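A single structure is presented below for examination.
As written, the chains take the letters A, B, C and D, and residue 1 is the first residue of each chain.
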Amino acid sequence: MTIEASGQDGASRSRRLRLGMVGGGRGAFIGAVHRIAARLDDRWSLVAGALSSSPEKARASGADLLIAPDRVYDDAAAMAKAEAAREDRIDAVSIVTPNHAHFEPAKHFLEAGFHVICDKPLTTGLAQARELARIAKNKGVVFAVTHNYTGYPLIREARALVRSGALGAVRVVQVEYAQDWLATRIEEEGQKQAAWRTDPAKSGPAGSVGDIGSHAFNLAEFVAGVKVERLCADLTAFAPGRRLDDNAHMLLRFAGGARGALWCSQVAVGEENGLTLRVYGETGSLSWAQENPNVLVHTPIGEPPRLIRRNGAGSSAVSQRVSRTPSGHPEGYLEGFANLYSDIADQIEARLAGTSAPSEALDVPTVDDGVRGVAFIEAAVRSSQGDARWEAIEDG
Amino acid sequence: MTIEASGQDGASRSRRLRLGMVGGGRGAFIGAVHRIAARLDDRWSLVAGALSSSPEKARASGADLLIAPDRVYDDAAAMAKAEAAREDRIDAVSIVTPNHAHFEPAKHFLEAGFHVICDKPLTTGLAQARELARIAKNKGVVFAVTHNYTGYPLIREARALVRSGALGAVRVVQVEYAQDWLATRIEEEGQKQAAWRTDPAKSGPAGSVGDIGSHAFNLAEFVAGVKVERLCADLTAFAPGRRLDDNAHMLLRFAGGARGALWCSQVAVGEENGLTLRVYGETGSLSWAQENPNVLVHTPIGEPPRLIRRNGAGSSAVSQRVSRTPSGHPEGYLEGFANLYSDIADQIEARLAGTSAPSEALDVPTVDDGVRGVAFIEAAVRSSQGDARWEAIEDG
Amino acid sequence: MTIEASGQDGASRSRRLRLGMVGGGRGAFIGAVHRIAARLDDRWSLVAGALSSSPEKARASGADLLIAPDRVYDDAAAMAKAEAAREDRIDAVSIVTPNHAHFEPAKHFLEAGFHVICDKPLTTGLAQARELARIAKNKGVVFAVTHNYTGYPLIREARALVRSGALGAVRVVQVEYAQDWLATRIEEEGQKQAAWRTDPAKSGPAGSVGDIGSHAFNLAEFVAGVKVERLCADLTAFAPGRRLDDNAHMLLRFAGGARGALWCSQVAVGEENGLTLRVYGETGSLSWAQENPNVLVHTPIGEPPRLIRRNGAGSSAVSQRVSRTPSGHPEGYLEGFANLYSDIADQIEARLAGTSAPSEALDVPTVDDGVRGVAFIEAAVRSSQGDARWEAIEDG
Amino acid sequence: MTIEASGQDGASRSRRLRLGMVGGGRGAFIGAVHRIAARLDDRWSLVAGALSSSPEKARASGADLLIAPDRVYDDAAAMAKAEAAREDRIDAVSIVTPNHAHFEPAKHFLEAGFHVICDKPLTTGLAQARELARIAKNKGVVFAVTHNYTGYPLIREARALVRSGALGAVRVVQVEYAQDWLATRIEEEGQKQAAWRTDPAKSGPAGSVGDIGSHAFNLAEFVAGVKVERLCADLTAFAPGRRLDDNAHMLLRFAGGARGALWCSQVAVGEENGLTLRVYGETGSLSWAQENPNVLVHTPIGEPPRLIRRNGAGSSAVSQRVSRTPSGHPEGYLEGFANLYSDIADQIEARLAGTSAPSEALDVPTVDDGVRGVAFIEAAVRSSQGDARWEAIEDG
C-alpha cells in the first residue's frame, strides 16, 4: 500500500465545467449516479436541466438539485436553444433518459454544438445511432457513451495488459452479466425501472440484451482488444408474459480466431450485478468481477496466479491514474463511473485550452462504440429470431 | 461442526469385495485414482489385473500392487475367462484404459457375468455404447460409469435440493470445465496422457468434449434434473496442428424450457480443474465449484445466499451419508471418487445378500448415462461440423 | 438487486452547508479524502481553508480548490476569527492535520462556536482530548471524529444486528488492522506521510496503535456494543531504528465478560488496508472485511452462514439509508467516509432548522469517542511499557 | 495442471506394514480417521487392536474391521505382550484413545520395542511426556505424534519457503483455530466426544488449548521455523458450568524477536474447523487456511500476492511429493493425515531395509514435539492462572 495525495481535485483549474442534464428527475436511478460521478472529482457543476417530461416534476427536481430556476427547462429542445444563447452556457449535456428518449435530445444538443454524454444503448435502432454519429463528427464535438464499467481502474489495467502482449494472442473470452431483479414480473407492480425496461416502445427491440448485454459486449471488446465478428444468440423471456428477453446466451466468434460466450440474465436468482470477464490468451489469462472490482487475477502461463490489486503492487500507471485512494481502500461503481466524467472533462478542457487530452482520457467509449452496441443488439435479436443462426455485427 | 464416527468402515461385513482392474499400470493416472477410491472406505481389495498391454509392464505393475502373480494377466479376455473359473473370483472389474480400449474389455467381462466399473466416455462410438448397455441389461449386472464428480457430497445435496423443489422450475444452467494443461502441444513432447487424448484413434471423435465436456454435461443433468434436448456447439482446436478440439462452447436447450451454456477447455491458461456449475430456478439458485467442493451456495429468492458446508448446518442426510469427516475437515476429489466405489459396493453387496441397496447408492451413473455421454459427444461434433446448428442428443 | 433512486442528493434543501478545512494542502492524503467525502452527496461546499502552514502553499492549494482568495487563511486562529465575523461564515470546519496539530485548531474553532469535524486520534494526549470534549459540550456544538470505518453500511448493519440481540451475549471479538507500507523505513526516504507518523513529536506516544489501532478499537466497540475494560498490549518497532511502534498485539477484556484480541501492524507484508472484524456471541456471529466491504457474513447458531450484501436481501433500513446504489454495485471507502459527512450534515441542518436529526445520523463518532480513542492509545502504551500487564482504558 | 501418475502406491514393496491400534472402537471419531489415513496409500494393513476398554465392544469393533479374532485384545498391555511374541507381529501401533489414556499404552508398546504413533496431546502432564520421550530414545524406535495438519502439502511448502529465506526474518505469526461445536454444553447431552474433552480427568488441565490450541501452536512453529519462548494467555470457559477452557487468547514472543498471537476457541459460532496461519517476514508473507487447503498465498514484498496451488505452478518438490492428484483436484484432511502415515512407513521401511528414509519423511512430528505440546499447554494454563503473565515453554 502506498499513501499518496489524490490528484483529481488537486490540479490547478480556473473553473469547474458546467453540466446540463436531460432526464434524471425525482425517482430516476441513473441520473443520480451521473450526478455523483460528475461531482466526485470536483470537475463539474450541474447548472441546468430538463429533468422530467412533467414540468412540475422538472421544477421540483431542479429545486432539489439547487439549479437556478431559469435554467430548469421543460424539454431538451428548449434547453439546447436557451443554453446555446447564454454566455455562461453549459459545456456539456448528459442524457440519462430511457433508451427511446436518447435520440431526439442528443440530436438537439449536437446540432447546437454541445458536447454530449449519453447513456447506453445509444438509441433503439441502428439508423438513429448512425445519424447521431454522423452529426457528432460533423460538429467535431465530444460524444461519450457511458459504458461505465470501462472506467474501473483494473479494467483499464486489464486492457493495458492485453495490449502489452502479456497474454499473447487471445483465444477465449467469457463474459457474463447476471442480475435477478426481474426474476418476477415486477413491471406489473408499478416498479418504474422495470416498466420501461420491459416495454418495447421504450427499451427497443431487446430487454436484457440492451440493458446489460450491451455492457458485457462492450467490456469484452474493450479489454480483449479484438472485435466480435459473428454471434449466435438464444434470447428468452422467462417471466410469463414478458414481451422482451430477460435472458440471453450467445456464442461469439472474434476477428483473429478467438471464441467466446456471453450470458446476460435478469432472472438469475441470487445474482445482483454479476458482471464478470475472463480473457484467455496463448500465454496468460485475466479474470475480473465487478462486484469485487479491486482485484484482477493475472496468470502467466506456467506461473501462479497473481492478484493485482487496484493501485497496489504490480499495477501500472494506467490504473493508478484513475485511482483516488491507496490500495486496500476499496473504490467501487461510483468511482469507476466518475472516471468517465473526469476523462471527459480532460477532453473538453483540452479543447478549451487548445491542447491535447492525455491519451488515457481518450479511452472513454464514444459514439462509435454506441453505434456498435446498437448493432450488437440488432444482431442478437436477428440471430435469435433465426433460431440462433450466426449473424454479423453490422456497424460498418 | 459435529464430531462423529465415520460410518463407512464401521459396519459389519464379512469380507471385502474383490476388485480386478484393466489398465492402470505404471505411469497411468486414473488407475491409481480408482485404486485409492476403492481402498478409502475399506470395502474392496484389488486382487487381479490386466494392467498393461505390455506383459512385462503388467507383471511389474502387479508386483507393485502386491497382486498375486497368478492373477496378473496379459489381457482382459484372458483375465475374464480365468477369473470366471475361480472360486474366489473378482466381484467386479474396473476398466481404466484410454477411451478406445473400453469396449472390448467391458464386453468380455459383461459376457462372463461380472459387474463392471468403466471410465468415461463409455466408448468412442454410439453403436458400441448401446451394445454394452444391451449386454449389461441382459446379464443383469451392475455397470457403473465413473462420472466421479457426482460423488461429491454437495453435488448430491444440490441434486436433492433441486428435486425438493427448492429452486422451482429450472430456468438456466451454466456449466464449465476449464483446464490449461493442453495450452501447448505437450503431446509432441512425450506426455503420455496428452498423447492419447489428442489422438482420434484412441480418444474418439472429440478431444476436450469427450474428456471433460462429457463430465460437465453429466453433472449438469445430474443436478438440474432436466435433460438437454438440443445443443448448438462450436468446437475449436487452438493448439496449432492439434487434431481434436481443445475447446468448445455450447448453447443448451433443456426439456421443460430451461436454457444453458456449457464451456469446456483444455487451453484456458491458469485454470487447473475448473469445473463449476450454477443452476437458476424460479425461486432459488445453486452454485458450486469443484476446486473448493466443500461449499454449496444456495440462494432462495429474496433471501441472502446461504453457504451450505459439507456435513455442516443446513446439509441433509443425503450428503452426510457420503461424508467421512466432520464439517470443516475438507474432503476432496479422492473422497468423492471413493463415494462411487462405496455406493457400487453397496449395490453389489445387496445383490450378494439378496436385499436392496440404499436408494442413495443407486445415484451412481450407469451404462445408460454412459450411452448418453457418448450421444452428447456425437451431437456436439455434428453440431460443430454443421457450423453450430442445433442437434439433438440421440441416446434413445 | 433493486434499482431505486438514490436519496442523498434528492431531498429539498435550500443550500449546501459551508465547509472550512484546516490542513489538506497540496501533497496531503486525508484532506483530499475528506473533500471527496463532503462532496459526494452534494451536501457541502468547501469555501474556506487554512490549508498549509506555509502561506504560499496555502494559497496555491486554495487556488487548486477554487476557494475564494479572501477565504484562504494562513493559520487556523486567523481563520476562526475571520470566519466568525462573516455573514456567510462556514457551518463547520474539518481538521485534517497530523495528530499533534489537532488540538490548537480545534480549540480555536470550538471557542468561536463552530461545529468541528476532526481526524483521529483526537489529540496526542488525554488531557488535551478532555479539554476539547469539555469545551465542545459547553458550546453545544457538533464535534465529530472521523472514525470513518463506522460509516460503511454493513458496519451499521452489523451494529444493528448485535443490538437486535441476534448474536446473544457477545463472547469473543477479533479485530485486526494490518498494512505493510511501513515494512521498511520509508520515513528516511522523504515519504511525508511516513515521516510524521513515525515521529513522536507529531504522532504522539504511539505509531501504529494511534494511526490504525485506534480505528480497530473504535470499530470493535462500535459494532460489538460492549466496552473494553482492560487490555494487555505488546508493542513492537520492527523496522530498525524506528522510534514508534509499527506493530502491536493486544488481549482485550470487555465489560460483561467478552474477550478478544486486537492486532495492528504496518509491517505486515502483503496487507494493504486489512481491517477485519469478527464478533461471536452465544447465538450467532458476524464477520466483515474492509477490503470487500459489501458483504457481511452472519451465522446464526446451527444455521448456514448468510451473506448479507449491501442493500441486498436481508439488509435492513439502517444500512440501506446510507447506500447510494443498488446491491451489487460496490460502494467503498469514499462512500463510507461520505456517510459520516452526510450524517453530520443531517445533524447540523437539524440544528439550523430547530428539529431533530434522524437517530441514525447520530451514529457518527463524537468527541467522547475521540477521548476514548486517546485513552486506548495511552493504556496500550502503558501496558506495553509494563511488559504487557493489564491496563484499564481511562476515559472516565 | 499436470496429469501424472500417483507415486504412493506404485513403488515396489514386498509387503504392507502391519498396524495395530489402541482405541478407535465403535463410536470413536479419530480412530476411523487414522485407519483411512493408513489405508490411503496402501502402505499399511490393520491387523491387531485393543479397540475398546469394553471387551464386547472391542470384539465387535474388531469384527467390523475384519481383524482376526485372535488379534483383538482386551487391553494394550496384553496386546503389546502378545504381539511381541508373534512372528508376524505388528510393525507399529497407533494410540487413538482420549488424552489421559495415551501414556500407559504408549509405555507398554515402547518397552516392548514397537514403533508408536500417538495422538496429541501426548499426555496430560509434562512428567509423563518426558518419560515417554526418554524411553523412546532408549529404545531407538520411531515415535510419531499426529499433529496431522503438518501433513498438508502446502504446509510443507510453506515451511520450505520460510526455510529458503523467501520471507526474510520472521516478524509476526498469527495463528487461529476456531470451532463452534462446544458453543453449548453438549457434554450434558450425551455427546461422547464432548464429554471427555471437557472432563479434566480425561482431557488434562486444559480444554480447547489442549484439543486444538496445541495443533495451532505446533503448526505455527512448524512453518515459521522459530520457537515460542514466552506466552501470555487468557483462558476462558464461556459455556456456563464448563470445567475447562473453551476459548483462549495468547500473545506470543518467539526466539529471534518475532511476535504473534494465538486464538483457539470451541465456542466461535459459525466456525467449523477454522485453523488459519499467517507468517509475515521482512521480505514476504504467507497465508493458509485449513478449510481450503489447496491454496497458499505468498506475497513477496512489493509484488502482487501469488496463489500457489497444491501441485500447481510455483509449487516445489516438497509438496508435490505428498500430493496424489494433479493440481485442481482438491485433496483434504484425510490426505494430509495420510501423508503422516506414509512418511512414517518410509521411516520404518528404511529401518527394516537398513537404509535412510528420505529426509522429507522425517518432517513428521516426533515425541519431542509431543513433549513441547504438553509444555505449551502447561505454560498457557500457568499464565492464565497468573492473570496472563508471561510464562516460558518449559520443554527443556
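One rule holds in what follows: a contact is a pair of C-beta atoms (placed from the backbone, for glycine too) under 8 Å apart; a residue touches a chain by one contact, two chains touch by 3 or more.
Which protein is which chain? UniProt says A, B, C, D = Oxidoreductase.
Not measured: the values here are computed from a predicted model.
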| said: Can you give me the shortest step count from chain A (Oxidoreductase) to chain D (Oxidoreductase), moving only between touching chains? | reply: 1
| For chain C (Oxidoreductase), which other chain has the most distant CA centre? | B
| note | Contact-pair count is greater, between A-C and C-D, for A-C
| Computed distance of Cα centres, chain D (Oxidoreductase) from chain C (Oxidoreductase), in Å | 44
| request: Quick one: report the Å distance separating chain A (Oxidoreductase) from chain C (Oxidoreductase), using the average Cα coordinate of each chain. | output: 33
| task | Could you check chain B (Oxidoreductase) for residues that touch two or more other chains and list them? | result | 180, 271, 305, 309, 312
| task | Mind listing the chain D (Oxidoreductase) positions that touch chain A (Oxidoreductase) in their complex? | result | 298, 302-309, 312-314
| request: Show which residues of chain C (Oxidoreductase) lie in contact with chain A (Oxidoreductase) when the two form their complex. | output: 1-6, 9-13, 15-16, 26-29, 32-33, 35-36, 39-42, 60, 63-66, 179-181, 193-194, 271-274, 290-294, 309, 312, 324-335
| task | In the complex, go through chain A (Oxidoreductase) and note every residue touching chain B (Oxidoreductase). | result | 167, 171-172, 174, 176, 180, 183-184, 232, 234, 236, 238, 247, 249-251, 253, 259-261, 263, 265, 267-271, 280-285, 287, 297, 299-301, 305, 387-388, 390
